[in-house]
Structures are given as structure tokens and as C-alpha cells.
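The following block contains the structure, expressed as C-alpha cells.
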Amino acid sequence: MTSSPTLIFKRPDAMSENVTHYCPGCTHGVIHRLVAESLDELGLRDRAVGVAPVGCSVLIYNYFNVDFLEAPHGRAPALATGFKRVRPDMIVFTYQGDGDLASIGMGEIVHAANRGEKFTTIFVNNAIYGMTGGQMAPTTMPNQRTTTSPAGRDVNKAGFPIRMSEMLSTLKTPSYIARVGVFTPMHIINAKKAIKKAFRLQMEGKCFSMVEVLSTCPTNWGINPIESTKWVKTDMEPYFPLGVFSDPERGDD
Amino acid sequence: MTSSPTLIFKRPDAMSENVTHYCPGCTHGVIHRLVAESLDELGLRDRAVGVAPVGCSVLIYNYFNVDFLEAPHGRAPALATGFKRVRPDMIVFTYQGDGDLASIGMGEIVHAANRGEKFTTIFVNNAIYGMTGGQMAPTTMPNQRTTTSPAGRDVNKAGFPIRMSEMLSTLKTPSYIARVGVFTPMHIINAKKAIKKAFRLQMEGKCFSMVEVLSTCPTNWGINPIESTKWVKTDMEPYFPLGVFSDPERGDD
Amino acid sequence: MAQQNEVVFAGFGGQGIMTAGQLLAYTAMEEGKHVCWIPSYGPEMRGGTANCTVVVSDKRIGSPIINHPYSACVFNRPSLEKFGGLIKKDGLLLINSSLIDVSSERDDLTEYLIPVNDIAVKVGNPKVANIIMLAAYIEMTGIIKFKSLKNMLTKKLGKKKDLLEINYSALEEGRKLAKKLVK
Amino acid sequence: MAQQNEVVFAGFGGQGIMTAGQLLAYTAMEEGKHVCWIPSYGPEMRGGTANCTVVVSDKRIGSPIINHPYSACVFNRPSLEKFGGLIKKDGLLLINSSLIDVSSERDDLTEYLIPVNDIAVKVGNPKVANIIMLAAYIEMTGIIKFKSLKNMLTKKLGKKKDLLEINYSALEEGRKLAKKLVK
Amino acid sequence: MPGVRIDKNYCKGCELCVHACPMHILEMSKDINLKGYYYAKLKEPTKCIGCQICAITCPDVAIDVHTHGSQFILFEY
Amino acid sequence: MPGVRIDKNYCKGCELCVHACPMHILEMSKDINLKGYYYAKLKEPTKCIGCQICAITCPDVAIDVHTHGSQFILFEY
Amino acid sequence: MAKRLMKGNEAIGEAAIAAGAPNYFAYPITPQSEVAEYLCWRLPEVDGVFVQAESEVAVGNMLFGASASGKRVFTTSSSPGISLMQETISYMAGAHLPVVFVNIMRGGPGLGGILPAQSDYFQATKGGGHGDYRIIVLAPSSVQEAVDMMLWAFDLAEKYLTPVMLIGDGMIGQMMESVEFPDKYREENNPDEIEWALTGAKGRKARICKSLFLNPEQLEENSFLLAEKYKKIKKAERRCELYNVKDDNKIIITSYGTMARICQTAIDELEGEGVSVGLFRPITLFPYPEEELYAEGSKKNIKCVLSVEMSTGQMVEDVERIMKGKKKIDFFGRTGGVVPSPDEVKDKVRKILRIKK
Amino acid sequence: MAKRLMKGNEAIGEAAIAAGAPNYFAYPITPQSEVAEYLCWRLPEVDGVFVQAESEVAVGNMLFGASASGKRVFTTSSSPGISLMQETISYMAGAHLPVVFVNIMRGGPGLGGILPAQSDYFQATKGGGHGDYRIIVLAPSSVQEAVDMMLWAFDLAEKYLTPVMLIGDGMIGQMMESVEFPDKYREENNPDEIEWALTGAKGRKARICKSLFLNPEQLEENSFLLAEKYKKIKKAERRCELYNVKDDNKIIITSYGTMARICQTAIDELEGEGVSVGLFRPITLFPYPEEELYAEGSKKNIKCVLSVEMSTGQMVEDVERIMKGKKKIDFFGRTGGVVPSPDEVKDKVRKILRIKK
């Protein structure tokens, strides 16, 4: 006796049919899907507005069935602030790379978080500037080679990688801040939970929420996708520990 | 038997003879003197360059016998970086208010600290924008009235005051970061020690150093100088605790 | 050309300089005149003198900046020094003689000494010195009606009865003195 | 007008397209010619085709952008589709027949099919397909001297003897085939 | 009975799914797709346990998972 | 014997020194200086212990401290 | 509505509310911080949005986000602050978004000073950011005009989907004049009625608000679309005022903003001396009233077109271009916060006409 | 020195080293990130300074600080990045500091695209920041010229104590051409020999480097000083190149940078068809070679001055101004990364001359 098949995993409604321009194995794609699934599951697609960064994910709007704004490099949190303040009924999120958020956009993210703006930031930390061809990012690991640190990041001149989640969670204003990974299926499953929670908290009007996702850039790291996921585990995770750094529901603020 | 008198306290050499334009009782003046004394005592006046902010202390160069650069609002750490990188033999310091450093200049100070630039920042936190007439600053206390928060700072909309010292000391790059006060003579004496140490560490090429000084703004707080020093103690200090947050000599980095 | 009058109020911050000018401007506006009030907001503000200029005219006002006003009310010595020389020939200069012990040394002006601080103390509130000066100025120039000014004060101070009374007295004292001086 | 030649090298990233163009440009420069090499760096870069244009001339070069080049060496099918139609009338088109099984369908061009990948595998290194193409192109156009190119390769590869040998063979194979095709 | 469907034209040949599959039943094909990638395909369809791990892993949302009848949920997702 | 000297033209009359002096020997004058401020002055010079606290407190560096002979150092500064 | 005596800065804030734009993002800077100080209590009264941003860069980008929602938004700042918004202005122009900027100009360059100047003419009219774009630039000369222009600015911004900038020198912000507001304030926009607003992709295709076009043909198309828009604006929206323009004018003065009022006083006084001078006051600086200036300036009786500015000479370049060599062009300017007096203007006129005083 | 085949971006980096300016601060942006990628290993070889800043705002201000030390400093960026530096450029102009900016222009406005464009002409030549200032603007049309101009740029910056900007479209950065560098590279500046450099107040009065003048008379004085400087620059530093300028030219094309080379090809080909067109290529865009253009453009034989740009029309406004109505002015432009071909230029010329193909 065969029943007709049920789809138990499929492309989320909030995603469009377009094939992404990302390199093979780049986990930007996974993160996109997690965002889309979260919007779908919470029923938010209809009233969501995304803010695209400048970086590899600059074309993110092509991959979502969601209204999108495209921000100047680093300024997505300011756009999101502006939008959310005049339309508090909508669901607003930014999607930003590490160059975008932690370098040029440092001022905007710190202040948006500190004002407790009620939007969600998906922060994709791949330890490099992808789009412009692999330059050093504020999150580049010590001794990691990039096109602007050909001998490896010299911490004596460029300092250590910045841990945004730790830094932002020192702010007293309540927020939800978590760091997750997408380098194994198990991590992806947990990442999804964090992202969904971030959106839920926004939905409830609770606080600013940010999920930092450790991601890969096989192209500019110069290793294959599988090696890349391993490198996240061995080289990035020890410095960028996963976890929840701030949670309004934990009552630690 | 009377000997001829010896001066045991006098205007430091690094200070000029000019009367400052500061309001009566404003502790910007005390902080100026502490910087000047430190430069004198360490023999650094000759090779020091200060970077002035935009804020009440924009005219600081009139009060020092030290070369000075005047920066765009908030960007003093970038100017100091540029200068120090091409002249590592010189002693460079920025002097910045809280609007300057913690609001518009957030990106510049975080990154200068994170790169471990070998200059010294004197951060004058008076919980308000002095020069422009008393608007809310990122460090304005909850419920504090300012010209742009006439009903008091609403932490639900503007967030809580930012604790720069705490935030910057989460960075892994070694640094010296301390918060001091100048609201009693004893505090001034301790503030002097911190400022002098900051310069000494720069002299030794050790690290980035920042001393946050809780200061007063009787004019825009709308209370007299003595009340103002009390307000620092009762209202600011509990939220902005004094202490050393990061010290390369303590080996905690 | 249409009738235009310009006056500078100048003194220390805290002497009610801006308020005096604004009161004049409000009242003139209510009387249907064209008015323009402009403060100095330059670097001299902190610790220095404060001043504002009021232009009252029957027609649209040209330049809001008046380098050589027809008249000035000066409340302290630095203000006298700054504006004494700028007043138009045949203009009017009112000097707060409570704080200024010299005169403009010009012979082409109509100049009066008015001890507004002393009178204010007498009236019962040192803060109304500016109102006394304004009343005297109005009495002398007729730039607006005395009654209009009184109405304006009533409107502005509203229910603060005590304050209003003192201001009324200040107005009267100013007017009285002006009448005495002019004749 | 002075002699000017333009050639586009086009294919997938990783096919040595840029290198082939640069080698030509370097050599022509050493021969005293005016040269200009320009890559495409547009949005098509990631995942799409890569191409570069080399202009070699006896006099100062005008436009560095050549919309209708005299010649093209295309390494894959999308490149043929993109550039096949752009070549000047009476121009030259070299097609990598190892990966392309069609032709330009133009009758106003001189067109040759060269299975550079296959030859490269034969020579012993699939990576020298670009050199084979370049050698054939040079042989056909005489744009630079064969010897100069060989010298340039020697200079660039320096002490990497093994690689050099394979490149020498690639050069020879390319030349041989070109000679055969042309006559 | 669960099963997966890989849309070969979304696949970029990154091999992450092959690596992730706990049953080791995926492999890379010898053919290329429209974009020129060697795409992933199912080696042993009958062994699929419907765990969705390949689909969860795929950065290009190339994989659907379906089931006939009920499916044991291995984890919350 | 220690003593302080207040340069009245630097003084802005903030009264911080008066408040700070542990011996309570400073006071505000009834006259104003060039800038129009009521300046601080020494009420009982002979009681000065040379602790420098007034000088350390003054935001306008209006105060010098001197001594005849040796001075006991109360704190490191 | 009754007349009110109001400071320019406050009147500008109130005017935006009247225009149905109670959404304000700003960072303090002299000489216009009173706008924020006024609106921070006034906006809550009308359920408006007031955000003090962390910087002018953030201000620009908050406006960017808020504008994309379809609501009317604006900011006020002064010269250095406006420089920091140039990248974003370029983005918003490219994305066809309406927004109103107010620049209460102070002396520059650099930190300069805080007194009135008109030395940001180039920045405003030529585009201080990158790329092929322009913004509409309006120059009020009185508080009432500033109010009227705020209303108009929002109309223009929405009609053409473009940034609009009001530029006034420090005097416009600081002076009090009598002013009337419309009896009926406009309603806020209803985003659901705006076909480009981002309102959530409910029952429709997702909308994208962007200035990125990686394909050069598309980017060019967008630039040509912008150019077409500017052409329309040039055709329809030029405004100027003529004062004392008569057949016996020897000189036409071009001057804008409060500087024009000073010239007006000078002209009145010269008229009394028997010297006839006309004033051409552009009200829109972009689009510049080119035809109008050319028509007035090239009349037979005119000897010289004199540009009077509080700058070292910026608008004069446009005057030169527009006058096509027809007449002598001269320039008089003071800058850095020095406001020229009517006397100085008169002296300059006399000098041109070789009249001894 | 021997000829080298080099990419424009790398050659620009090397040229700065040759100019004795191994102090580089930058932030990545296409199409010029290769400058940083080249210099990050090349500078350490010559004991230079390389800092990758956190943003272009920071870049500008690092340059500000470093320049005040008396050392030679520079950066490279592209359109949006340059917009972010406008506040600082205004400050540095006001503070009389030498510095060299390179803008490898891409399509705009906004994020636009990454392909070559010339649509930042206004921003560069009119001053995108606030206040009365200008910067020197140089427009190379080949890699060799870019190298030569880098050397010259530092000379100009130091001679006049002013920011200088090289503007090249993306092609200049991306193409490889043969290039020669001077045999002897210049020494770095010795700050102790520079009378304005901040070197520590040892045995002299403290020096202050600033653009703040709260007193309006002083601020005006500084602006007049700047204006005086620009006058001198206009007099002494105009440069242009004429190509095929002859008595039978019917049209003079004005075009700069690589666009001029495309015009050159068009002109050569038109010449072959018997159509005589001359090219006026401004090498300095500020100061614009005004007299020279006027002289060439107003000759009897010229029917039209045609401005050809990769923009929707920016330089053409200067051409209009300079030509004072003497001749018909026409414009041809493509923008957004579309590079016009010689054929399009030829078509435009034919159209103006009503020549059928």
C-alpha cells in the first residue's frame, strides 16, 4: 500500500527560484535558507523587509520573495533603524558580512544595538572580504593569509580578530545575541533555532537581536568546501566560541 | 631663619598661559592639567602631538605648548593612527568628548584600539554634548534631561548609556584602559596616575592606551560646579565604575 | 521709503536681552508690522556679550543684518563699546547707567542714561531690568503702542499673577522715567 | 595608418586566458611595440567567462577597448558565442575544438579549429593549452617573433626546468599545427 | 518510505551533501550540468532514511526530501 | 612654611577650591576680576599646610603652591 | 492660521509636520540644533518619529531606510554634516527615493566657523556625491519662505522621487520672523497606496529598492532615466523672483537666500541715489532659472550681471555659463561667516558703474 | 629604467613609491583593490607604511593625520569610497595639507556598478565637500601618464599645500601597458625641514594644524588665501593635449582620460574618411585649460565643440561656460560602465555634420 509522497523538506516559500551566484559550497546559501525558513514558519514573509549589505550577499534580494532594501556598505543597521522606527509593525532584518558589519559598519551596529532597535541582524562571519577578492577582514584569524595580508595577519600591526558578539553583549540595553555555525548539519540545526528565536523576539517587540554565523569562503580561503567547513571548526570556532551571549529571556540584563 | 620659597605646585610647562574658554568649574581644565603634567614629568612635551576633537575642547591647542592637530568630529583616532604610523618616534594623543568618541567616532576608536595603535586617548565623559548646547550623548544617564531628551533619557527608545571602557576592554588586542574621575582631589590624584601610566606605556611602545575621565558640565547640567562634582559621584560613578579594565602589565590579555 | 526702525539689545547673558527683543518683535507683529528678530550666535556667545537685533517695518524687510542700527539699548560696558560706535547718525542710544559709568562720547546721537538695574531692585525683582529698558525705549520711539506691549506681557505671563504685577510696575517705571528724560 | 593588431583571448577562468594575453603583451613590448592588455572585470567574472584583449601596434594606441577586434582565440563555447560575431570582417578566429564542436557560421572570417586541450594532454600537461593556442596564433599572424616568445617564456619560468620543457613542446606543437593548417 | 530528489541544475558540485549523508548513499556524477558542474546524485536510493541531513547541508537548496507515509523525526528543525 | 597664591585673573569663581581645602581657609572675594567673576582668595594664610589640594582641584590652574624649607609630602602626585 | 513669530529653525521643523512628514532623524550641529531641540518634544505630540542618530552618516542612512517605507522623512544639518551624507544622497538619488534635506550653511571649508555662509552651493547643485545625479535645491530668503518651501520640497520629492535640499545660511535658521502655517496640516502618507513602497510582499511580487545594477546597460538605463527626470524638472520647476527690474537698470544682481535681501536693501538705497539696479533672485538653484536669467541679463540696458554671494564665488560660474558671454559678469562676495552689508554691495555697484560716492 | 608591462593599479602604487611617498592608507573597493594588494607586500620592502583602514572615512582621516607630520601620503579608492572622504577633503583643503587621492571611477550613482565611468567629474572639480575650496584634479589617459602624474601630483600637492586628485576610469586601473619609472626614486620627506610639519614643539612655538577659525574675519582670510592659491594654480598649472588640431577641423572634441583615446581612434578613422576633427584633451581638470580651449574652440573653422564623456554630461557644463556662447556646444556620452566605441563617436560627429555614412 503506497500513499502519495509528502514533501518533508523543500525550498521555503520565502525563497525565490533563482540559482544563487555564490561559489560552490559557500555557506551563504545555507544561511539564506535558514532565514527564509524562519520567516515562513513564523508567518512573517508578508510583512518582512530585508536590508542587503555590500558584500557577496549584495544580491540577496534576488533569492527571497521578500521586499528588500539595498544599503550602502556597512550602513544596513541605520537603514533598518529608519525603516523600523516609521513602520514598527513590520519585521525588519539586515544581512551583513564581516567587512560590512565589523569594519566600516562598526558605528552603526553598535549604536543600533545600544538603542535597542527592534530589528534582527544576521551577521555572516567568514573571516574575509569575499566580494572584493579576499582582503583581510576585522575577523580574519591571526596568521591567516589574505590578499592584503600575504604573509598572514600580523596581530602586532592589525590587531586580533574582533569578536562582535562578545563586544555587543557588554551593552546594557537588552538584546538577543548568539553565535552559531553552519559547518556541520548539527550546527545548522542549532543555527536555525537561534535565527528563528531572533525573529520571534522581534515579532514580540522585545529587543534587538543578532545572530552571528560562522560561515565559509572556499574561494578566497583557497581550499575546497569540505576543507572549509573543517577549518571553521578547527581554526575559527576556538576563537569564536558558539553560544548565546545575551538573552532577554534569560534575565541576565 | 627663612629660606627663599620653592614652588611645589605650578602651571606645568606643557600648558600655555592662556585662560581657557571653559565654563566656571568645568573639569575639562583639570584634565588638561593632568595631561600637561604627565607630559612634563615624562619629558615628552618636545615630541608630543595632540589631536583635538570637535566639542568644548576643540580649542585645546590654545592651552598647550604642544603641537596640535584638529580633527573632524569623531575622527581623532584615525588622525592619530595616521600620524603615529608614519612617525612612530613621536608621542601622540587624542583628547575627545563623549559625543565625539562614543557617538560619531565609535568606529574609529574601536578599530584604533583593536589594531593596537600606539597612541593615548583621553576620553572625557561628561554625559552630554557640551559645545552644541546640551544634547543627549551616548553616555547620558537614564532619565537625565538634556535639550534633546527634555523628559529625560528614555532607555526604551535611546537605550542605556554606553560604557566605552568596558566595551573596548573586551578586545583581545592588548591595551591599557582605565576609568577615573576628577570629582574629588583624591580622584584627581588617581586620575593623574592613570594618565601618566597611559603615556608611559606609549613611550615604551607597549600598546594602545585610553583613560576615560568622568567629567562635569555644570552649564548644561544646569547645576553649579560643586553640585556637579557630587552628581558625578552619586549618579555617574555607580553606572560608570572606576577602575582599570585592561592592563598589559597585569598580564590579563 | 517706508518707515523702518532697528534696535539692538545688548548685554551679558542672563540680563534678559533676548527676551526684551522678542517681546518687542512679538508685539510689533501683533500690531501688523513686519518684524525680524535675529540673535548673535557667534563664538563670542560663551562668556561674552549677548545681543539681538529687532527690525520693525511697514514693508517687507530687506537685510535682517543691520550693521548700523537706528538705535541700541546697551546693558553693560562691553556692549556699549561694541555698539556705541555703530549706531546711525541721529540715532538713539539708551545706556544702563546702573552698570555703565561712561557714555558713548558721540555728539550725533540722542543718548539717555537709565539705571534699569537700580529701578528693577526698587520695583522688587532685579530680573525685570530688561522690561524697564524696553518700556523706556517704546515710550521714546513710539515704535509700538505701550498698550500692545502690556497686552503681550499679560498674554505671555498668563496666570503668574505675582510676576505679572511686578512686570506691570516695571513697564510703568520705565515709561515714567522716559517721559521725564525726554521732556 | 600604422599597423595594429587586436586579439581577444576568451574562455573559462582557469584556462590560462589572462596569462596567454599577458605573455603576448610582454613579448610584443620587448620587441619595442606599443601594447595594451585589458581584462574584463565585470559582473560576469564570478562563474562566467573570463577574457582579455591585447592590442599590439606600431604607434601609440588609441582606444584600449576594442569592440570589434581583428582576431580572437576562444577556448569554450560561451566565448565563441560572445565573440564570434564581434570579430572584424576578414578577421581571424581560432577555436579550441577540444571543447567546442561548432563554428562561428561566418563566411567573412579566416577560421581554424585547434584541439588545444587534446594536444596539451598529449604534450604532458593539460595546463599548457593556452600556450599552444598562443603559439598557433603567433605563427598565423606573425604579430611577434616566435623566438621572442620563447625567450619570454624562458625568462618568466626561469629555473623551473621541467615546466619550461613542457612549455617549449607546447610552443612547438602549436606552431606545427598552425603551419599545417595554414598551408 | 522516504526519498530525496536532487535538482541537478541547482547543484554546484560542492560535495557537502555527499560528505554529510550518514548513510553514505550520495555521490558525484560523472556528467556536468548546464552550469558546468559535476552534480550530486543518489547512489543507493533505497537506503535513504529520510533524515534530511543532505538537504539541510546543501547551500543551494538543491535537495528535496519526501516520504511515503509517516517519517520518524530524528531531530527538531 | 607653605603658602598658596591665587592668580585672580585665571579664577572663574567656581568655588571648587574653597570646597576642597581641608583647612577651610579659602573664601570667595566680594570683588570681581577682569572677566567679571568673584574670585577665590585666602582667608587665613597662616593656617595653610601646603597640601596642594586646592591647586589640584582648580580647573583653571589659578593656584600656585610654594614652601619655605621642607614640606611634608602627604601623597604621591 | 494666525501669524506666529518663530525662529527659522523651529519653523522649519513645524513646517515638516504641516507637510505630513513627522519623521525626523538628526545629529546636532550649530547653527541648526534648535530644529532637533524643537522637534524632540513637538513630534511626540503628533505621534511622529524623532531619532537622534549617532552621526550624520547614520542620519542619511536612517532616512534612506525610512523613505523606502513610503513615509515622508527629512533631516536638518549644517555644512560638515551634509558632507558626510554625500554617499547616501547619491544612493537615494540612484534608488529614486524622496527625502528632504535642510542645510543651514555655516562657514567652511573644514570645521570653519558657525556663522552664516553660502559656500555649499557647488556641493548642493552639482552633486557632492559620485555618479550622474542631481538633487533639487531650494533657497528660501525668509522664514515664511522656508516654511512654504518645506511644503513644496516634499511635493517635489514625491512628484519626482528624488532628494530635495533646502539651503539656507545660518541667518535663516537663527532669525525670528512672523510666519503662517497652513490651516490644515497634511496627513501622513499611506504606504499601502504607494506603488514603490516596501510594505511587505503580501499578495504581490517582492519589491526591491536599490541603486545597484551590475549590468552596465541597466545602470546606464537608470542614469538616463535620472537624466530624463532632471530635464523634466528643469522644464517645470524653475522659480525666481525679480525685484526692481526695470528698463533703466544698468546692472542685474543675482543673489539668493538672505543675501538677496541684503542686496534688496542696497538696491532700494541705490534707487534713492538715482542708480537703477535690478535683482534676479533664483529661488530654485537646481533647476536654475536659466532662461529667465538669460532673458533679464541680456537686455540692452544691462551693462553687467553681478553675482553677489556669501562665498568666494560659486554661483557665479553658473551665471557665466548661462549668460553665454552676452554681458560682462562680475562678482562680489564675503565668506566665512562675514555677512556683507548693503553698503558693501552699493560700493561694488558704484565701482562697476564708476560712480563716485 | 627599463620598460615594464604593468597594470595601471599596480603602476600607480609603484609610482607613489618612486615619488618618495611610501605611506599608504586604504580600504578595498573594486576596481582598484589591486593597488592595496600590490602595496601590502611592496611597501614593507621599502620600509613604507601600509594600513588597511576600517572605512574610507577612516582612510581620509588617517591621511589627514599622517600628512600633518610632513610625510608624503596617499590613497586610492573608487567612487562611493571617495564620496565618504568629502568631509575630510574639505578639512585638509582648509588646513592647507598636501595629499594625493586616486579615484578609479566606476559607474554610479549609489552602489551602481564596477565598470569604468567618468561620472565623478563634478564631485572632483567643483568640490564635493562643503565650503570654499577646490582641489587639483589630474586625468591620465594611459598607464604611463598615470605614473608620471603621480609624481607630478605630489609635487603639486607640496608646492601648493593642497589635496590633489587623480581621476581615472576603471580602464586606467585595469589595463596593462608598458611603463617606465624614474631611474632614481625620490627620498621621503624629512619633516624637520618642513616649516609647517608637526614635529614636536622642541625649541620653537607649538604648531597647530587646523581648519577652525571661530572668528569670521579670520575664516574669511583663510578662504581668500585659498582663493588666491587657486588663482595661482589656474595661472601656472593648466595642461592639455591637442590631437589632430588643424585649420580644416570642423569640430573640436573635448574629452579626457581613456575616453579621449577612444575619440583619438575615432578621429583617426574619420580622417581616413576625409572628415577633419580635432581633439582637445584637458590633462588638468582643475585648473581647466580654459584659455586654451577657448582659443582652439573659437577658431573660425570650428562649427561645434563636442564634449564626449562617460557620463550623462558633466564636463560639458564647463565647456559651455568657457566657450561663452561662441560656438554650438554638443554632447555625447554613455555612462554606467558602458564604454562608448569609436564608432559611436564617429556616428555622433557625422550626425552633427549631417554626413551620411
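We just call them A, B, C, D, E, F, G and H in the order they show up, numbering each chain from 1.
Assume a residue touches a chain if its C-beta (ideal position, glycine included) is under 8 Å from a C-beta of that chain, and two chains touch if they have at least 3 such contacts.
Values in this document were obtained by computation on a predicted structure and should not be read as measured data.
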| item | value |
| --- | --- |
| Set of chains whose contacts include both chain H and chain E | A |
Clusters that remain linked by touching, chain A excluded: B, C, D, F, G, H | E
| item | value |
| --- | --- |
| By number of C-beta contact pairs, the top two chains | G-H |
| Most widely separated chain from chain H, with each centre as the mean of CA atoms | F |
| Per Cα centroids, the chain farthest from chain B | D |
| Distance between chain centroids, defined by C-alpha means - chain A, chain D (Å) | 43 |
| Chain centre separation in whole Å, for chain G relative to chain E (CA means) | 60 |
| Length of the line joining the C-alpha centres of chain C and chain G, rounded to whole Å | 34 |
| Centre distance in Å when chain E and chain F are each reduced to the mean of their C-alpha atoms | 83 |
| Multi-chain contact sites of chain E, meaning residues that touch two or more partners | 35 |
| Shared-contact residues (touching 2 or more other chains) in chain D | 42-43, 47 |
| Contacts with two or more other chains, residues of chain H listed in rising order | 30, 54-55, 57, 80, 87, 91, 95, 110-111, 113-115, 210-212, 214-216, 337 |
| Footprint of chain A on chain H - complex, ascending | 27-30, 33, 36-37, 40-41, 52, 54-57, 80, 110-111 |
| Touching residues on chain B, where the partner in the complex is chain F | 2-11, 15, 19-20, 22-30, 33, 184-185, 188-189, 192-193, 218, 224-226, 229 |
| Of chain E, residues touching chain A in the complex | 1-3, 9-10, 12-16, 19-20, 35, 37, 50, 52-53, 55-61, 63-69, 71, 75-77 |
| Chain G contact footprint on chain H (complex, rising order) | 57, 79-80, 82-84, 86-87, 90-95, 105, 107-115, 117, 119-120, 122-123, 126-133, 210-224, 226-227, 311-314, 317, 320-321, 323-326, 334-338 |
| In the complex with chain H, residue positions of chain B that touch it | 16, 45-49, 51-52, 58-59, 61, 64-72, 75, 78-87, 90, 107-108, 111, 115 |
